[in-house]
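Here the chain labels run A, B, C and D in written order, and each chain numbers its own residues starting at 1.
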Amino acid sequence: MSQRNIRVQPTEDRAVEDQDVEIVERKGIGHPDSICDGVAESVSRALAQEYLDRYGTVLHYNTDETQLVAGTAAPAFGGGEVLDPIYLLVVGRATKTYDGRRFPAESIALEAARNYLDETFPSLDVGTDVIVDVKLGEGSGDLQEVFGEDGAVPMANDTSYGVGHAPLTETEQIVLNTERKLNGPYSDDNPAVGQDIKVMGKREGDHIDVTVAVAVIDDYVENMSEYRETIEGVREYVRDLASEYTDRSVDVHVNTADNYDEGAIYLTTTGTSAEQGDDGSVGRGNRANGLITPNRPMSMEATSGKNPVNHIGKIYNLLSTKIAQSVADRVEGIQEVQIRLLSQIGQPIDKPHVADAQLVTDDGVSVADVESAVEATIDEELANITDVTEAVIEGDISTF
Amino acid sequence: MSQRNIRVQPTEDRAVEDQDVEIVERKGIGHPDSICDGVAESVSRALAQEYLDRYGTVLHYNTDETQLVAGTAAPAFGGGEVLDPIYLLVVGRATKTYDGRRFPAESIALEAARNYLDETFPSLDVGTDVIVDVKLGEGSGDLQEVFGEDGAVPMANDTSYGVGHAPLTETEQIVLNTERKLNGPYSDDNPAVGQDIKVMGKREGDHIDVTVAVAVIDDYVENMSEYRETIEGVREYVRDLASEYTDRSVDVHVNTADNYDEGAIYLTTTGTSAEQGDDGSVGRGNRANGLITPNRPMSMEATSGKNPVNHIGKIYNLLSTKIAQSVADRVEGIQEVQIRLLSQIGQPIDKPHVADAQLVTDDGVSVADVESAVEATIDEELANITDVTEAVIEGDISTF
Amino acid sequence: MSQRNIRVQPTEDRAVEDQDVEIVERKGIGHPDSICDGVAESVSRALAQEYLDRYGTVLHYNTDETQLVAGTAAPAFGGGEVLDPIYLLVVGRATKTYDGRRFPAESIALEAARNYLDETFPSLDVGTDVIVDVKLGEGSGDLQEVFGEDGAVPMANDTSYGVGHAPLTETEQIVLNTERKLNGPYSDDNPAVGQDIKVMGKREGDHIDVTVAVAVIDDYVENMSEYRETIEGVREYVRDLASEYTDRSVDVHVNTADNYDEGAIYLTTTGTSAEQGDDGSVGRGNRANGLITPNRPMSMEATSGKNPVNHIGKIYNLLSTKIAQSVADRVEGIQEVQIRLLSQIGQPIDKPHVADAQLVTDDGVSVADVESAVEATIDEELANITDVTEAVIEGDISTF
Amino acid sequence: MSQRNIRVQPTEDRAVEDQDVEIVERKGIGHPDSICDGVAESVSRALAQEYLDRYGTVLHYNTDETQLVAGTAAPAFGGGEVLDPIYLLVVGRATKTYDGRRFPAESIALEAARNYLDETFPSLDVGTDVIVDVKLGEGSGDLQEVFGEDGAVPMANDTSYGVGHAPLTETEQIVLNTERKLNGPYSDDNPAVGQDIKVMGKREGDHIDVTVAVAVIDDYVENMSEYRETIEGVREYVRDLASEYTDRSVDVHVNTADNYDEGAIYLTTTGTSAEQGDDGSVGRGNRANGLITPNRPMSMEATSGKNPVNHIGKIYNLLSTKIAQSVADRVEGIQEVQIRLLSQIGQPIDKPHVADAQLVTDDGVSVADVESAVEATIDEELANITDVTEAVIEGDISTF
């Protein structure tokens, strides 16, 4: 039996899949809040990697604050322009001196932020359309001890809390994949589709409404007719995509605020509403699993940009989701599992104060039937907790 | 019967008060995230009031983004100093031209932010310790129509969601009031107690641990002995205070990270950790009811700084809490009520897509017994929805 | 005879007083460039004073860069308002760590800048109308040695150049005193006169045109008639004042760009054109003697904000003016004297590479008659060179 | 005879070439002040060009303020790194709305500034090493009228003053060409020579000392020996170059502050001292003719960044230099000519209040001999005054 404090118990509530009303939202990678998440996490990864390259260990830093101030733009069919650049302020702390030598934290942050924007937004001219500013304070040297000896498991730096669940409901799968595929294969073939894609799924009983807002890129649409074709294309694509995940009836709504008669459409020059009036900041959008799920407990933690070595809130939110997925994958008879991890400050992070699994089992399966398998899975994942840190630094886990 | 779509139903889960483990947190008014919430909301109120004074109506604005970059300080017994000022960037949009005349949105924002800091932090010298910067873009004139005719109920500007609950559990009451009273009557008598107070309550069964982190102000403590007295005084005060709200056993822990032997204590010059290393931004801390409650559904909405006339996310989060309180106050036999409001874009905000009440009733009371009273209360509160707007502008409702 | 390399010689040119055309300009203390000069010098003095108070010596710093970005304002008879605040960025270097302890350079700079603005501009609300930002880099520790032992004369840190002259011509006296007295006794009695006063004197033969641009403060003028009275009052005052300095004919022109019919007048809310469209920076306006004198050699050196202990450009510009005044005061028979000081890097600053006096003597007086008296005066002033540093830190010498 | 007020007269002073002591300085294109000049002028040209392209006319703007805040760097043989990026704030005013459409002034400014840096500094990584920020206010629409009808000569917007002289003295030629050729053909072959080159020439009688400070780029020097070779190479090159311009004796001093024993050398990563501790701003360095010449009258005007259509200070400084060159080139018998132009506000800029030529003629030539030729040359140049504007916009005239 595990030495860890693991509790497995039934939930008293219905599985979310069975509840009457379900709401799920995802802010795509081009949403101003997600831009900040993505920049913050890129800066974090670049710092961690450079600390590793130079010193063999990740030093203290935290870059979980980025503020975006929207620009002004004049989109136009066939190609408009940015009038006032977007302003992006990267904020945080980092160790700037180690072993008597200076570490170029701000230059690394600046480069990482600019590269991320460059790679993420094909229609954004990072040299002209964005001002990237950086204010990184000096990280506290005192905190370096937290990171411990090589190979040792770090101690929790705070009393914090992570929550994850699996598997995703049909609505969650539709919302998540709608954005990911529109921003992936679909936009490869349809460059008019911008990165600022917001998806809301609302299920009432057995009917799902998927509402998509897509920033259309003006360079690729010459007139209203092409704009409408773009919207119609998205609608059809999402409708087909949704049917892969559900047998429920699905209605897809795209850019519902458009008014063709008044010429009020969602046209952009850069592919993001950050070009015109929409500010953003870290931690205001998607949770660590990429979704906003009001039907489920969520953590307030801003996962992106935090130090993945010892920031317990970041690690536990990512790990609880990973554990839930492992339980759902490996253990038969589970309809829904929610994992909560509560840290104990000053204790090794692989030994949470409590790791708590709440299960909805399939008909005919009792919690007792699966308890030991669930516990073993949780135990194993906790033993491998530092894998999460590595995967984050490698960029193998998304944080928003 | 109401013309509104109101649903009253039982919840299947236990009341939070009866759950095994409960976690509750509050970031005090001096926490860097709360500073941003407070500034954003002050700026919002000042703009709304000035629009009313000049034009008789609130114009379009949104100031729900403020970024705080921590300073550097050298606290010392008897009085230390700020070395590098805190940097505070107020971000948002506002209507700057109306009827052909300019409106001084940025000057108003600057003044409101500075005044708020001045009033909230007696030991912060706003002229020396803080740089307040402002970037307010031009609000979209197109959106002004949303606000409608005089007296008319505005239309929802988005599909959004609010959630509230009542009454507070014992742990919630303890956490909320610990911070409020420490930052109120207690600090009036004990100026050594700074505004940056973080309270975490953890209840396991019938035992509650209250963990308080208090920024002590160096001007008022001459030595370690006085510091320890300050901490001990807080501990006793909170212990007594907790006993007013519960008969459960309570342990109180204050500044647990202190290490007197190493001289590692939580001493500040200004009363907030923003002076040294802790950045902050809007919407990262307390929810609209002043608490972070992982046991309950929470909205991701950043309530502070949003326009209280038509920002449906703000209004519905505040209103759902207000409705829950009214139901709990007025209707007998209810142990716990949770209210969810889901807006319908383009519809009057007093007619949500659905207003949903989930009840835990007292033993011997069925939902059917109270359904009509609950529905009537919800209906009445929705009918008076614009009261929320007024109360926010007057500053009668806290948003964080 | 002096050990210093002092040369006294006749100039071949006519005295400026005798030249055909003479142009003299002064930007008053409220001109955006002068605001930057004043802020930079205030910050410099505050840092120097605090270094002295803490360490008994002035450490390395240089704050000779301040950038002002104009605001936007809507002046109106009886009182208008600032719409977008002025933005002021204080830039420089300062020693931030000494003897292992941090020095609060940025907080001191912020306070000094704000206090200077507050004291200088009665109608500027520093809390609302100005954003003061600070970016002070770390001063190079290596340079501390330059400052030498207690009481020792510092070494020159650069090859630099200072130039001064005396006495002032009539036109120079009129221009200088017009601004000083308008911004002194006159505005005490006439608060409608703002601080942004620009004076240009042009003498052609025996006729002097004095052109004055005065920012009128809207709070103190209720209508066009009062505005015109204000302008007329200034004109009369300056006409009388000019007659104290010259017997030549003088015409005084005030706010010549005004067009009453079109309502185009120079009305401000704060007393400076920085409120609306006029940017500024250090070293772009008056030279160290308070004037811009195209008829005379001038140094490009930005005197304000530089370290008065060892910045040789600052010291030599102030000292050469001081020497010229002493020569003119003490030595009979001198119509005009120009002093040039050229430093030698690495040598004590009281031993310039060359100190060069060019004289225009009175009729009947030869350079030989006064040479030894002039040389003795120069020698004595150089011997007391550190008095300049003290006077600057005390604020007894103006730098712009 | 000309309708313009042109005066030709002898100067009473000796030609500068014949004076005992002459000092000349040039800050190279990589000096922080010159970086600001270059950026400001690039932004100006880009705006002017884009206004022309869109509207056929240049609208009101002024971008003569750029503030550079130095970064921090750790240069090292073989290649070091920038630790904290340089911060560059582009400041000014521009017309942002014309004919009801927005003009992208800030985006154009940002792009121009970044491109200029990119082209000018091969070893500066603009994406990583510099933060470029922009604050351009709204230009006053009222001023557009100044620009007049197509083809019309604009009116002077101010009482301003320009001064120029020709030909250059030997020392001036040496100083100017030392920097230009080091930063041209020489650095093409010797990439170790950075752009921040400061040249001071001091002539005493018939001996000239040329002092050069060269920022060496660390990527191209592997060790102290290579550094010394680089310095020696520069010394030899400058010595040879100087001999092309003078028969006087010349000593060349390069990086005199170096101390090889202490390892104190002028090594940089980017080629400019802006990377470490040297701030800069517009108008603090070279005058419009590329030199600082304390022996001659100079204008305080910051030429770079100003609007070349109607900013009289810019135009008159550039034109007076151009006129002086034409006079020196075309009229026989002139040893030295100084041109002064004084504007008259509200009058056409080709009709200055006075255009004044002061001549030193060759032995045997009287002013009367050349007066009419000089006057005709001045008259012709004034008639073609708008050529200056065009040449500035085309980038054919350097402003610093």
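Everything below uses one rule, namely that contacts are C-beta pairs under 8 Å (C-beta built on N, C-alpha and C of every residue); 3 or more make two chains touch, one makes a residue touch a chain.
As the structure is a computational prediction, the values presented were derived from the model and not from experiment.
Put simply, the chain farthest from chain C by mean CA position is A. Inter-chain spacing, taken between the CA centroids of chain C and chain D, is 25 Å.
One finds 51 Å separating the Cα centroids of chain A and chain D. Centre-to-centre, using mean CA coordinates, chain A is 56 Å away from chain C. Looking at chain A, one finds that residues 72, 87 touch two or more other chains. Arrangement of the chains shown, judged by which pairs touch: one closed cycle in which each chain has exactly two touching partners.
Which chains touch which is summed up as A-B, A-D, B-C, C-D.
Per the touch definition, chain B reaches chain C in the complex via residues 72, 74, 81-85, 87, 96, 101-107, 110-111, 114-115, 125-129, 131-134. Chain B meets chain A in the complex at residues 11-14, 21, 23, 65, 67, 69-70, 72, 87, 89, 91-93, 135, 137-140, 142, 159, 161, 163, 200, 202, 211, 256-257, 264, 277, 279-285, 287, 292, 294-300, 302, 340, 342, 345, 354, 356.
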